[in-house]
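Next come two complexes built around chain A: one with chain B, the other with chain C.
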Partner chain A sequence: MGKLVAVTLALITIASAIPIVAHIWVPPADISTHGHLIDEQMSDTMAEAGVCFIAAQLILAAFIWMFSNRKPGDKIKNFPGGAKGLVTAAFLLVGTEVLALGFFGTKAWADVFLIPASANSMPVQVQAGQFAFYFRYPGADGKFGPIHPDKINEANQNIFGLDVDNDPDSKDDIVTAEMGVPMNKEIHLLMHAKDVGHSFYVRELRIQQDFVPGLDLSLHFTATKVGRYEIVCTQLCGLGHYNMKAYLNVMSQPDYDDWLKKQASMQ
Partner chain B sequence: MTKPNRARAIAIVSAILLLTLVVTLSQRRVKAAPPEGGISGTIKLEGTAPHQRPIDMSKEPACAAVHKANPVTTENVVAGQDGGLKNVVVYISEGWSGAAEAATATPTWDQKGCQYIPHVMGLDVNQHFKVTNSDPTSHNIHPMPKPGGPNHEWNKSQPSGAPPIDAVWGTEEVAIHVKCNIHPWMSGYMVVVKGPYGISDEKGAYKIENLPPGNYTLTAWQETYGTQTQKVTVAAGKPASANFSFKAK
Partner chain C sequence: MHDVSAHFAHHTPPQGFIRKYIFSVDHKVIGKQYYGLGLFAVVVGMALSWLMRIHLVWPNFAIPGLTWISSAGAPGGIITPEYYLQLMTMHGTLMVFFVLTNVPFAGFGNYFLPIQIGADDMAFPRFNMASFWVTFVGFCVLFAAFFVGDGPPLSGWTAYAPLSAMPGTGPGQAMGQTLWAISIAIFCIGQLLGSLNFITTTLDLRAKGMTLMRMPLCTWAWFITSCIGLLAFAVLLPACILLILDRVAGTSFFVPSNLVVSDQLVNHSGGSPLLWQHLFWFFGHPEVYIAILPAVGIVSHILVNSYRRPLLSHKAVIYCLMAIGFLSFMVWGHHMFVSGMNPFSALVFSFPTLVITIPFTVLTLIWIGSLYGSNLQINSASLFALGFISMLVTGGISGFFLAQPSIDIYLHGTYFVVGHFHMVMGVAAIFGMFAGTYYWAPKMFGRMMNDTLGKIHFWGTFVGTYCIFMPFHYLGLAGNVRRYSAFVDDYLAPLIPVHKFISIAALCTGAVQLIFLCNLIYSRFKGAPAPVNPWNGTSLEWTVPSPPPWDNFGGRHPVVYHDPYQYGIEGSSGDYVMQDSPEQIPTVREDKDLM
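Then we have the complex of A and B:
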């Protein structure tokens, strides 16, 4: 009976590793300059955790196989050092693994979150509110006009609460429901929430950042492939969270210029 | 016939005649008077209507597809080419004393193409209405009457294909803003009044019917420009008219 358990355990271990090793589920297309760092980190994690998992389960299966037919009187050997030794060993092993993963992932983390946007990045503002994302482009003057929350009126399509009549910087601001960006241009995404917590997630960009109400957060990224990608809210924000999304349109520079002009005419 | 019998006979016949008269007269009073007159007129906008911004529904592809050929705009001010102002509700703010029998019709407030149809709906106090969802996506209907007021705010989810929601408002309110939390651009108004009312069409023309003769104060309400009042006298058999003009800001 014990030997059967050992064999079953070994088979389950190997069977569960096959789909991962065989890359049956491929991650979505990587359209970002830092995407490969994230994907490599993911592969490293899978490899490290996978090796440890298979090793642990196969060692367990081996021990079950070897000692399952104990006869009365047989002594059980202890791990060298007893329980204390076992815990210390586990601590060191797992600790090393986690620290290694953290160390190898620092470049990916820093690239996205610690290194500031470059000086020639294009600023785009995003406001997350129950249950839609809206975007704002600064227009020709390169400046975003002030936001007046008391002036927000969705029925009038004044999403950001702009006072176009009294704030000159707001006059050329372009508010859109879709986020258009030119390909291969660094985007500086300025984020704030109108009401509760939300999250900005584009899986192809390998970008995810929570909106915290009251905080002005920012991200930067560079999209490398033309296409239409989903921006989904990944922080439960209420009854419409399941429907909260927008689209990211990555376009060539000329197409982007046309798109922005068309959006400006719809203000 | 003997004298006392004759007197009795006359008394009985007179009593019967009197009773018949009284019953007949009282019947006439109980029967509702036929609709007498009405007020009609035109609502105009002086000046250029403020630019109505196009609505981008890309976050809801099913609705964006419906409007691909004919994009829709906000409806805060809907003015026709000759300046006629649409969606203005004209109602009696003073002088209406008629037995307010709640209208028996049950109008429908529909959600179609991620818009409210109609954009402005008039209702009598205690008149039932039905909310329907004709879209393939869920909506939630969120009327927002005055906070702390007699009409209570409610918010109901209505998935595609769900049965109509029956609702009613118990007190007058001009006007109750309705929105959908899932689709932020959806906006409409329910105007709850006592007595008859009219809503202006694309030409700005409105009509109030079933008004007995009398002196009334009319109020015209538009969602952006607010209200204006006018005193009107309805004479028996003579249709009255009252026009309104709002100044574009």
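Then we have the complex of A and C:
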């Protein structure tokens, strides 16, 4: 029975590793300027995790094979080096590995969250509410009109609670159901939660950030490839959570300008 | 050490059915009551997971009987999106609180801690009885949520505010969420009573010669778990009270101003949703160690018995348990990397999260290193104990990814996280519980379980749980978001075949658990009579009859002469020496450098 356990464990280990090595299920191609750092970090971690996983499981399997149901005369042996060697190995190898991973991953994190959006980034506001994302562009004046929560009324299509009559900055604001951005332009995404917690996640952009009601949070990113990408909600927000999504359209600058004009004409 | 004889001068045998089996102060009865409650909870929790997995891949399949439980949630047997989330919330809540905290800690711990330290009972038997019945009331309150108004809450076992704080945000968020919060608050009280008992008993009621270092590793694990529990549940309890106040008393601890739900301005202001997350996870992270440390102790206890030799270092395991307990309070922010908290703090929380890998690695290396050169005995208990090591390794290694904030940007909120915690906490702890059951059932019930059925149960569960939860990691790498009741996004369509595989594996693995249930119930009544020491164990529970009398040691006070795991030596009973044996024979020399 011990040998069967060992063989089964070895087979499970190899079977588990195959999809990883064969890159069957992987993140989609990165379309951001910062994403390659995250991808490198993931690859490094996968390599180290893979070695640890395979080694630990196969050694466990090997020892189960070797030492199960031995003959009565066999003596008990100590692992070479005993506990001291193993504890030292744990501290040195694992300690160094995890601290290195932690240290080298800080740049990727800092690029997304610790470095502010640059001064010439393009602001776009996103509002998350049960169960849709809506976007707002500041228009020609470059300013967002204030949000009046008491005026938010989805039934009347006043998503952001704008008072166009009394707030001049709101007059040229453009509200859209899809997000459009020009390629290779840094975007400063201003996040507003209407009701409960939500989250903004675009796999290809390698960004994710929760919306927190009551907090002004923001993200910045630069998309490097034209295409249509899904923005999905990753923070449980109610019964429509599974269906809460929008599209991010990354376009060339001329195409983006056309798109924005068209959106403005539909206000 | 205290003179325990005076402590129990008033302790008399229970009379009558109610006193013996219902409102009993006997820690053994209480342990079995916790175990029974946990067993019921795990069956319900597992059934909920089947409903979830069926809905995800066969959403139009009409589940027979479900509409009788909730005609709104499952009209015609078809689960609605909200009902999926409600079932998911109850699955998580039942499993984490009423299974993982109950069985390995309150169940086995209550039964065996006093016996293993040589005591007649816990320090506060009546507190102990109260702790179980309070927990039971908490369970009833939670279970009631299935049958009230529009059903149980849908905000997950994590109940993030303001979704959980505002009744109008979805079905189940009114009465169901309030009942949830009350239930968990009651559960906290039960746990606090239990933790007080465990700590006091361990420190004060040890028999003569039972130094702290001579306590078995499961006792150490229960002791450290109860220290963690005392501090962690002491934070969850007020958090739940604040949540209840926000919901019914008009306070705004967790709800800021200017929120609009269903086009109506919400009448709250000044609160912070992140405050709920901090309070919850300050409890929630130590909670996952409350879930796993008892299993670590139980598995260590069983492995060393199966290896027929001491672990390479008994003290290293104890120090690891202490280190994990201590570090567990430093890492809660790793659940909140992308929550909107100060991003600098993410780097601060990441550091101890990565460092906690070290004591777990030491534990794993000691288990595997002690297996080297051992005389491994294969039986149902040792199979599950070995399987535990494999599960903990797999689940722990996926933590490498999530511990790093940069990688968590991509993996947070995906099935990768779900795979991680199911393997490292759910499956591993369940393996510990199964190992403990097969190992200790003879002592608890006086009857042996069927070992062949146990082995079949092991095979189905070991292969089955890998088939279920390993693919979760692949789904996460592809960015499959969690807590979705349906997969409608474009990128999810190609992943549905993986989900089908998982669902089929889940149903098959669930079916295998029937073997365990049948074995447990049949053996309880018809199993072969169990000897006093069926596994040739060394600790004190193997010195008392199977099952033990009401006062454990029949009035005698055991005296302890040896470390707990003197295996692999020439004793008069065989290759071991019992802890209370006065035989003065050379015991196995442990690694003196770490002693």
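The rule is short, and it goes like this: the second predicted complex is superposed on the first by the 238 of 267 C-alpha atoms of A that agree within 3 Å, B and C clash if a C-alpha of one lies under 4 Å from a C-alpha of the other, contacts with A are read in each partner's own complex, and residues count from 1 in each chain.
Rule of thumb we're sticking to: a residue touches a chain if its C-beta (ideal position, glycine included) is under 8 Å from a C-beta of that chain, and two chains touch if they have at least 3 such contacts.
Everything numeric in this text was worked out from a predicted model, so none of it was measured.
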item	value
Chain B versus chain C as contact partner of A:I59, first or second or both or neither	second
Partner chain in contact with A:W25 - chain B first, chain C second, else both or neither	second
First (chain B), second (chain C), both or neither touched by A:V112	second
Chain B versus chain C as contact partner of A:K245, first or second or both or neither	both
Touched partner set for A:E178, first chain B, second chain C, both or neither	first
Greater residue coverage of chain A in the superposed arrangement, chain B or chain C	C
Contacts of A:A132 with chain B and chain C, given as first, second, both or neither	first
Which of chain B and chain C A:N78 touches, first, second, both or neither	second
Which of chain B and chain C A:Q157 touches, first, second, both or neither	first
First, second, both or neither for A:Q267, with chain B first and chain C second	first
Chain C-contacting residues of chain A that also contact chain B	129-130, 154-155, 238-240, 243, 245
Of chain A, residues touching chain B in the complex	129-133, 154-157, 159, 176-178, 238-240, 243-247, 266-267
Complex interface listing, chain C residues touching chain A	80-82, 85, 154-156, 160-163, 166, 169-171, 255-261, 263, 265-266, 271-274, 308-309, 311-313, 316, 338-340, 343-344, 346-347, 350-351, 354-355, 357-358, 361-362, 364-366, 368-378, 383, 386, 389-390, 393-394, 397-398, 400-401, 403-407, 409-410, 412-414, 455, 459, 462-463, 466, 470, 474-475, 477-479, 481-491, 495, 498, 568, 588, 591, 593-594
Residue ranges of chain A in contact with chain C within the complex	1-2, 5, 8-9, 12, 16, 19-20, 24-28, 37-38, 41-42, 45-46, 48-49, 52-53, 56-57, 59-60, 63-64, 66-70, 74-79, 82-84, 86-87, 89-91, 94-95, 98-99, 101-102, 105-106, 108-109, 112-114, 129-130, 149-150, 152-155, 161, 194-197, 199, 201, 203, 206-215, 217, 230, 232-243, 245
Interface residues, chain B side, partner chain A - complex	53-60, 74, 76, 137-138, 140, 157, 177, 179, 181-185, 187
